[in-house]
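In what follows, structures are represented as structure tokens.
Two complexes, one shared chain (chain A), two partners (chain B, chain C).
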Partner chain A sequence: MSAYEISIVSIIGINVILAVSLNMISGFCGQISLGHGAFFGAGAYAAALAMVGTASVPLAIIAAALTGSLLGIVVGFASLRVRTDFLAVTTIGVNFLFVGFVRKQAWLGAEMGISGIPATGLGAAGNMTMILLFAAATIALSFYISRSWMGFAFRAVGEDEGAAATLGINSGAYKLAAFGIGTALAGLAGGLYTFFTQFITADAFDFIFSVMLMAMVVIGGIGSTWGVVVAAVGLTLLPEAIRFVNDYRLLVFGGLLVLVIRLAPGGLAALMQRAFLLTRRS
Partner chain B sequence: MYYIDLAVTGISFGCMYAMMSVGLTLVYGLLRILHVAHAAVFALGAYVTVLVANATGSIALGFLAAVMVTPLFGMAIYRLLYEPLLKYRPDVPMIASVGLLVLMQDAFRIIFGEQGITFRRNAFAFTTFNFAGVTVSAVQIAIVVTAAAVFTGLHLFTTRTRIGIGWRATVSRPQIAASFGIDPIKVRYLNFAIGSALAAVAGGLVALLNNLVDPGIGFVVSYKALAIIVLGGLGSVRGTLIASLVLGLVEAYGTIFIGAWLDRDAIAFLALIVLLMIRPQGFTGVRTA
Partner chain C sequence: MSAALQLDDVAIRFGGVQAVDGVSFAVEQGDFVGLIGPNGAGKTTLIRIIAGLLRPDKGRVRLSGIDVTPDATAARVRRGLALTHQIVRPFRAMTVLDNVVLGAGYRRTSSPFRAMLHVDRRRENERAARILAQVGLGGTESKLAGSLPLGQMKRLEVARALAVDPQIILLDEPLAGLNHAEASKQVETIAEVHGQGITVVLVEHNLEEVIRICRRLIVLNNGQVIGDGKPREVMADPVVHDAYVGGGMVSHAEA
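Up next is the complex of A and B:
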């Protein structure tokens, strides 16, 4: 594989982890988060500091996932106070605060970011393999959760919190669990991103990136692991494959987001399901 | 004198935020939608103002054109995007709104370029007055005067005219207003039209202030406006005005006091999150979010 192909596959793997983990929070559990970039960024910065300090890859990965998850659980508490659109506004605020805070911190490299992060020693292909293994594990975990009791509880909370509570489901605990797991994976993706680029700035984790991730989830079909994986791969490849899309990336992503919500709220997953049912009937 | 200069900056920004946010809070009061794409209306207003002003040589005509074009755009957003989505959870139209804003912002970048466009002749931006050592620019005066005129007009409209009273009635008690013969759909269009025109005026004034309209003009303002309407107690015009002025002043002074560890633009979000956690219903509102 060429260096270019390796980097594309690595980015696809990272985006798959991010989109699938956001889908756990927003799709399974119905807690709309438009600040997933902040958890991704927190993980990336934690991994960068760990790598600069100790140059230990396992330690950096643990630091990344833990930092993402800690921040995620704090934000998860917000989901106990505010719901639906106001939770979304709160997470937008978290994303802006994260970027606004990091840009002013000298120990985090301020506006210049952190550069010269030690390499993992695995080489580009080795990094890519590690990213793909983690991506595969994330997808497997997503399927596992979706079919577990926790997955049913998530969906119950997402559909109707009041009804879930009458069934004895502690919706607060499950919301925190969804945030904790989803943001741990986002932090992990941040760590992998740090290994991949060896250079990070706050701007890579801004709100627009969070919107892109939400676009992947919505276009893939909110709540469907397969749909989200397909959308994450497709929407990462699209700008690379078509020059027009690369120049007008936000136009295309924003446009697709609007069109899908307006015309096919179930996303790719629902479209595929409908097509499948139609072919079976005929 | 430095502190008074900051107050002037803060008040002029506050007036600008107010004109931007009132449309948002009105939409929220009526439809329970967080109309993030309002910032695209604001940006469109700024672009139209500059384009028409450059084409005709008159800044007044630029504002007039912006106030006429943007209401159509705002009403189109309601008709084509929000109305079909009202049956879903409130976060669905909000995400669609974010998507529309991102799309419009990129469209402005593609059409008018990354660098943005400037007024060919903008006498306002470089005219300053000196009041006993305090420097005030002509644009700052224009912003404050316009805001005062606009809100006085809005107040008279909503208290003295039949349409305005019907509008307020629909916002507070939709069913009862409807039974008195007020068409709620017309009120929604009116709401989007007036809110969009106010945003366009704010956009034009910001264009004058910076002597520049770039694709990012509405970006941070849009999310700040969300913070403002929550702080102002959703749906309340008076609360929104107060919150706007307070935010303008806090930002102006905040730059010197907490600018070392937090971006100026992040102050609004810190306030937003703290308030949502302590009082999800806002300072004055009663609805639980």
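Up next is the complex of A and C:
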């Protein structure tokens, strides 16, 4: 594989982890978060500091997941107070706060970011393999949660918290769990991103990036693990394959998002399911 | 033995309105109680207090002797309280069976991490199918709950309430919006539920049915209990009669 291919596959793996983990929060549990970039960034910075301090890869990974999850649970507490659109606005605020905070912190490199992060020692191909393994594990976890009683309860909480309560389901605990797990994975993705680039700045984790992740989830089909994986791969490759898309990335993603919401609210997953049912009937 | 449900001097005020004003009563295990009152009497508010959706300003709510006043709805359900909503709230995107299975799995969903460790649903599926057959919804298992007609959704509410193994079931207008045939089938189901030894508290506007099936009536007006006893005796009480046919309006205007 060329260095270019390795870097594309690595980015795809990271985006798959991010989109699938956001889908656990917004798709499974119905808590719309537009600040996933903040948890990704928190993990990336935690891993960068751990690498600079100790050069230990396992330690950096644990620090990344833990930091993402801690910030996620704090935001999860907000989800106990504010709902739907207000939660979406709150998470946007968290994303801006994160970027604004990091930019002013000398110990986080401020505007210049953190550079010269020690390499993992695995080489580019080794890093890519590690990223793909974590992506595969994330997908497997997502399928497992969806099948478990936890996923079942998540769907109930996402649809109607009041009705879930009458079945003895403590919505608050489930929302915190969704945020805790989803943001731990976002933090993990941040750590992997740090290993991959060895140089991070706050700009990589801004609100626009969070919207792109939500676009992957919605275009893939909110709640469908497969749909989201396909969309994450496709939407990461698209700007590489078509120069126009790269130049007008926001325009294209925004346009796709509007089209999907307007014409096929279930995203790719629902389209595929409909096509499958049609072919079976004919 | 302590009462299945006990209210001690429960009161709540909304702005200038004393919606519930010092209500006390106890419902014994196995009883069948109708809670009635004219519009604005405070029935819905009282139901919301019992269900844990509202905190009273004062007073205590006890289930089987245990004080649940500070507990949220989910915790009360785990103490043996089941409730149905006046306006049906099925999980529309789930099948009819799954709506009940989720209730039947209440032991598995007690905490997110316990829920995460369990996948198997066979036992809950079987139990949910039995409950659906019991309320007359056999054959609808694989339909989406959102596609059911209102009469069947009302039965689904009862099925979900039964799934959590309740000791006491609080039915908020289970007959509202049903036609005569549907209503009498629903009443039959409710009587069967009571026949299983479950305590029933029924809030209902359909007085004829309430008087027919309840063993005891509690009448609310202006947030206070104005009648409590055997249905026929309570309805014959002039105070209760006045509250229903307009005398209540006069005393309200004087107050």
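Annotations
Basically, the second predicted complex is superposed on the first by the 282 of 282 C-alpha atoms of A that agree within 3 Å, B and C clash if a C-alpha of one lies under 4 Å from a C-alpha of the other, contacts with A are read in each partner's own complex, and residues count from 1 in each chain.
Note that a residue touches a chain if its C-beta (ideal position, glycine included) is under 8 Å from a C-beta of that chain, and two chains touch if they have at least 3 such contacts.
Note that the structure is a prediction, hence the values are computed from the model and not measured.
Placing chain B and chain C on a common chain A by superposition gives a fit, with no clash between them. Vertex at the C-alpha centre of chain A, arms toward the centres of chain B and chain C: the angle is 80 degrees, rounded to a multiple of 10.
Residue contacts after overlaying the shared chain place A:L167 against chain C, while chain B stays out of touching range.
In the superposition on chain A, contact of A:I32 is made with chain B only, not with chain C.
Once the two complexes are overlaid on the shared chain, A:I92 sits against chain B while remaining clear of chain C. Contact with chain C, but none with chain B, is seen for A:I145 once the two complexes are overlaid on the shared chain.
Contacts of A:E159 after superposition on the shared chain: chain C is touched, whereas chain B is not. When the two complexes are superposed, the chain touching more residues of chain A, out of chain B and chain C, is B. Contacts of A:G100 after superposition on the shared chain: chain B is touched, whereas chain C is not. Of the two partner chains placed around the shared chain by superposition, neither chain B nor chain C is touched by A:N246. Taking every C-alpha atom of chain B against every C-alpha atom of chain C, the smallest gap after superposition is 13 Å. Interface residues of chain A, counted against chain B in their complex, comprise 32, 34, 78, 81-90, 92-94, 96-97, 99-101, 103-105, 207-208, 211, 214-215, 218, 247-251, 253-258, 261-262, 265. Remark: chain B residues 33-34, 80-81, 84-85, 88-92, 94-96, 98-107, 110, 220, 223, 226-227, 230, 259-263, 265-266, 269-270, 272-273, 276-277, 280, 289 touch chain A in the complex. Chain contact summary for the complex, chain A toward chain C: residues 144-145, 147-150, 152-153, 155-156, 159-160, 162-171, 173-174, 176-177. For chain C in complex with chain A, the residues that touch the partner chain are 51, 53, 72-75, 77-78, 82-85, 89-94, 98, 101-103, 105-106, 108-119, 121, 160-161, 163-164.
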